[in-house]
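Chain IDs A, B and C follow the sequence of writing; residue 1 opens each chain.
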Amino acid sequence: MSATLLLVQTLNGLQFGIILFLIAAGLTLVFGVMDFINLAHGVQYMVGAYFAAAFVAWTGSFAAGLALALPAALAFGLLLEVVVFRHLYDRDHLDQVLATFGIILFLNQGVKAVWGAAPLLVPIPPALSGSIELMSGLLYPVYRLAIIAAGLAVGGLLYVLVHHTRAGMLVRAGATNAAMVSALGVDIRRLFMVVFGFGAMLAGFAGAMVAPILSVEPGMGDNILILAFVVIVIGGIGSIRGAFLAALLIGLVDTLGRSFASNILRLVLDPSMASQTGRAIAPMLIYILMAAVLFFRPTGLFPVKR
Amino acid sequence: MTETRRSVALALGLGLVATTAFAQSADKVRIGLIQTLSGPAATLGQQARDGFNLAVKELGGKLGGRDAEVIVVDDELKPDIAVTKVKGLLDRDKVDFVVGPIFSNVLLAIHKPALDGGAILISANAGPSSYAGKECHPNFFVTSYQNDQVHEVLGKVAQNRGYKKVYLLAPNYQAGRDSMAGFKRHFKGEVVEESYVPLNNLDFQSELAKIAAAQPEALFTFMPGGMGVNLVRQYRQAGLVERVPFLSAFTVDESTLPAQQDAAVGLLGGMTWAPNMDNPVNKAFVAAFEKEFGYVPGSYAMQAYDTAKLIDSGLKATGGNTADKKALSAAIRKADFKSARGPFKFNANGYPIQDFYLVKVAKRPDGKFQTEIVEKVFENYGDVYSKDCKPAS
Amino acid sequence: MTGLPAEAAQTAVAPPARWRGCILPLVLFGLFAVAPAFARHGGEGYILALALRVMILGIAAMSLDLILGYGALISFGHAAFLGIGAYAVGILMSHGVGDAFGQLAAALAASALFALVTGAISLRTKGVYFIMITLAFGQMLYFLATSLAAYGGDDGMTLPRKSLVLGTRILGEGHTFYYVVLACLVGAYLLCRAIVASRFGRVLRGTRENPVRMQAIGFNPLAYQLAAYVIAGALCGLAGFLLANQTEFVSPAFMTWQRSGELIVMVILGGLGSLHGAIIGAAAFVILEEVLSRITELWKMIFGPMLVLVALFARGGILGFFRGLRRG
């Protein structure tokens, strides 16, 4: 276990965290402002990836494909909002769980019907297809650095939007007390629609960015959904800053844990026991982390609602 | 009040009736095909279904001279749902044969109900060691291979090529653990690391960093489905293909190649067959399959195709009689059919004895990708568990 | 007034309220009781397997309804108890302990213990945080099960036979197992009814409405919620024990978060807070799954929107829908 390896794994962990942030950002906004449990966020991510795959194949260029996929994801999100979600804002969380669960089933099957069950290929844009030699023998794809850059940019953009614009002020106010905002004369329906659409677009953007490195297949959003919920719960629902930090934390814990858990355990257990225990514990680490955070801070690290 | 009572009774009754209403045609031989047709692994089940249906179609819709009815059910990769579906096939559809499944954990769940229900169970893909030894059963056959054997191919290749240090990578579940055990059976060099990733892991960056740091002479990996798609692409992006030879099992095959494409060209795998195998049965099979379905068949399709031909041969020998299961099972055991992979016969435990090859990924002139034979590694190779199988009879 | 089911209070003109609440469950149990007779007409083993699955999942869903419908505690890790119950059977059987009572005792004890420990931690949180932390515990147990190579790991393990009752294989003969499960279902139902109607149940419902008020009156909401959580966990452990016997197979697939989600869907689908609603929800879910999947491979494209429609229009699930019809 060398220092270089540790550095490289840290970079990997941060990159994973950034992807998680891109996905969780939209979810925390929707949840925070509208108190709406959107289990369908995972399939919105998946649909974004599929749109990207389709448009890239159609136009032959990644940039064009991405540029088309974003409004498509936005439109799709708004469609879901108008047809289904809008009627559920006043309802119990359980009705929202039921409806969004149904949407998951429908869309997972739907993309399979349209695009087939086999994983789709999205080629990396030629401009970003080079690699940097991080350590001897290991090249790090430039595209992954682009993802990190994109994630940081989105994070910065969100921060500016939420904290330094009037719209952002409304969003923050809505997250704290939606009824009051409505009472003050703001068109809460429009606000919700904007927030939801933006959230859907963020999820779609995450899906599109990730498509060239991870396979695009039905059900790809399901496990990510759980991770996204873990992120926003640890970070505190409604808080972008919380989502960012929690996402990085989870990315690091998961990646470093998987790489080094067995090594660390080897200090106290014999090698085969260490590797077996390490393997068993590694996937549990983020859940243990979440349980621990919730034990000390039952509303997450940076809760928005007082 | 009566409305509620009526409605509930109606709903439940309808449900029960709907599932029993089924006209039984006396003369058809019925095959229940249980495959994984939903979720990320659906392509594999589809291949198997298509391969089987192609064979039945080529035989004019008959098996052994009798009209054949193929009932396809989806196990959704959920063992307890598979059990219910198999019970449905046996009790409601009265199938004589159960063919499938793709995955070993589903097979473990349906093995007992299927055999207790009196059907002949033929696995066209899953070949766990669980039923290859003491637990072998006269009515249970496998037309693919015993899972370990494919991994053993790569172990032998690594040994033959003189690799001294090899890095192993597999997902953390039973089949993954079996793959490493299988590899080590013939490989006598040093295993630098046995690395497990969580099932459904999609991002291998941290693993690739470890591989580069360890500087092995070769990598052996078992990474099926979407995991394999991602691993191969990321492996090439990390520039490791040139530095660390990629030996794999079930990682680069016709189900993943359409997504891996150029990234997989030149990578090595192990199998009993490849689409470019040069025998008349295979050439006809591949041509007919591509014509009918439009994609390159993989081993899943080939094995299912063979299974249908196998059933046909067994039924021909018994004159179409499915009532005497003992005779039918003996007829099937003879494996008197021409397999697309060349020589094929059954071992005492119902698993095949066949040749194994090293295969390599190549791009065809028409732009599609397939695996191609490099060299034969094992000839007439049976699995290591068969000696524990005592014929029950 | 004690002992009245919730729905009775809502109707203006009604026959004796006690009867009203009983008829639906009686019909339900009656149907289950006569199913073996119907089944003889075709596909016997299959129909009974289906009915068994409905009953077992019905017990699990009912246990969830206890804390979800009456306590408003959305547990997204409830399938873990199914797994605990099932693995109790599997692990004990692989070590030679085949006795049903021993396995059942272990299943209940392990489930109750797990519920006690995880509940004590989880109940410190509320709302979506509670959902997530129960999910976390469910996932931890799932990963633990997949890493137990000795017990099949991810593949699971096949059981040689059903549990032995006092040394006999009576559960494997005829319809004995079926009626044992039916008895468990009825027993669980009566138990839950008794709990809900008791003072304990009223405190629980009060805690759901307004925990602060309950505290002001002098009850400790946490203690009551925890007790309910433990009871629900143990009941679901019973369902797990029965599931292992029904499939004669044990696998980590019994406790994925998707399974927990399905249990929640069953409870909501049938109608929250009505206990027999959970059984109806389980029946609807299982039967729809079976029937639709025989019609088309793309059945989830029909099932998904059905759930959405239920969420949008059928407030109170299936029971609520029929109740609404009745009222005009």
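We take it that a residue touches a chain if its C-beta (ideal position, glycine included) is under 8 Å from a C-beta of that chain, and two chains touch if they have at least 3 such contacts.
Treat the numbers as computed from the prediction; the structure is a model and nothing was measured.
If you draw each protein chain as a dot and join the dots that touch, every dot ends up joined to every other dot. Counting C-beta pairs in contact across B-C and across A-B gives the higher total for B-C. Centroid to centroid, with C-alpha atoms defining each point, chain A and chain C lie 32 Å apart. One simple way to say how far apart two chains are is to compare their mean CA positions; for chain A and chain B this gives 35 Å. Those residues of chain C in touch with two or more other chains are numbered 147, 149, 300.
Shared interface positions of chain B, i.e. residues touching 2 or more other chains, are given as 38, 172. Touching two or more other chains at once are residues 109, 112, 279, 283 of chain A.
Partner chain B is touched in their complex by these residues of chain A: 2, 4-5, 8-9, 12-13, 15-16, 109, 112, 116-121, 124, 131, 133-141, 143-144, 213-215, 217-220, 223, 255, 258-259, 275, 279, 282-283. Of all the residues in chain C, the ones that touch chain A in their complex are 68, 74, 121, 124-129, 132-133, 135-137, 139-140, 143-144, 147, 149, 257-258, 261, 264-265, 268-269, 272, 298-301, 303-308, 310-312, 315. Note for the complex: chain C touches chain B at residues 15, 20, 23-24, 27-28, 31, 35, 38-39, 41-47, 49-50, 53, 146-147, 149, 152-158, 243, 247-249, 251, 253-254, 280, 283-284, 287-291, 293-294, 297, 300, 322-323, 325-326.
On chain A, the positions that touch chain C within their shared complex are 31, 37, 84, 87-88, 91, 93-99, 101-110, 112-113, 222, 226, 229-230, 233, 237, 276, 279-280, 283-284, 287-288, 290-291, 294-295, 298-300. Residue ranges of chain B in contact with chain A, taken from their complex: 38-40, 42-43, 46, 172, 194, 196-198, 200, 202-203, 205-206, 208-210, 212-213, 215, 226, 229-230, 233-234, 237-240, 243-244, 255-256, 258-261.
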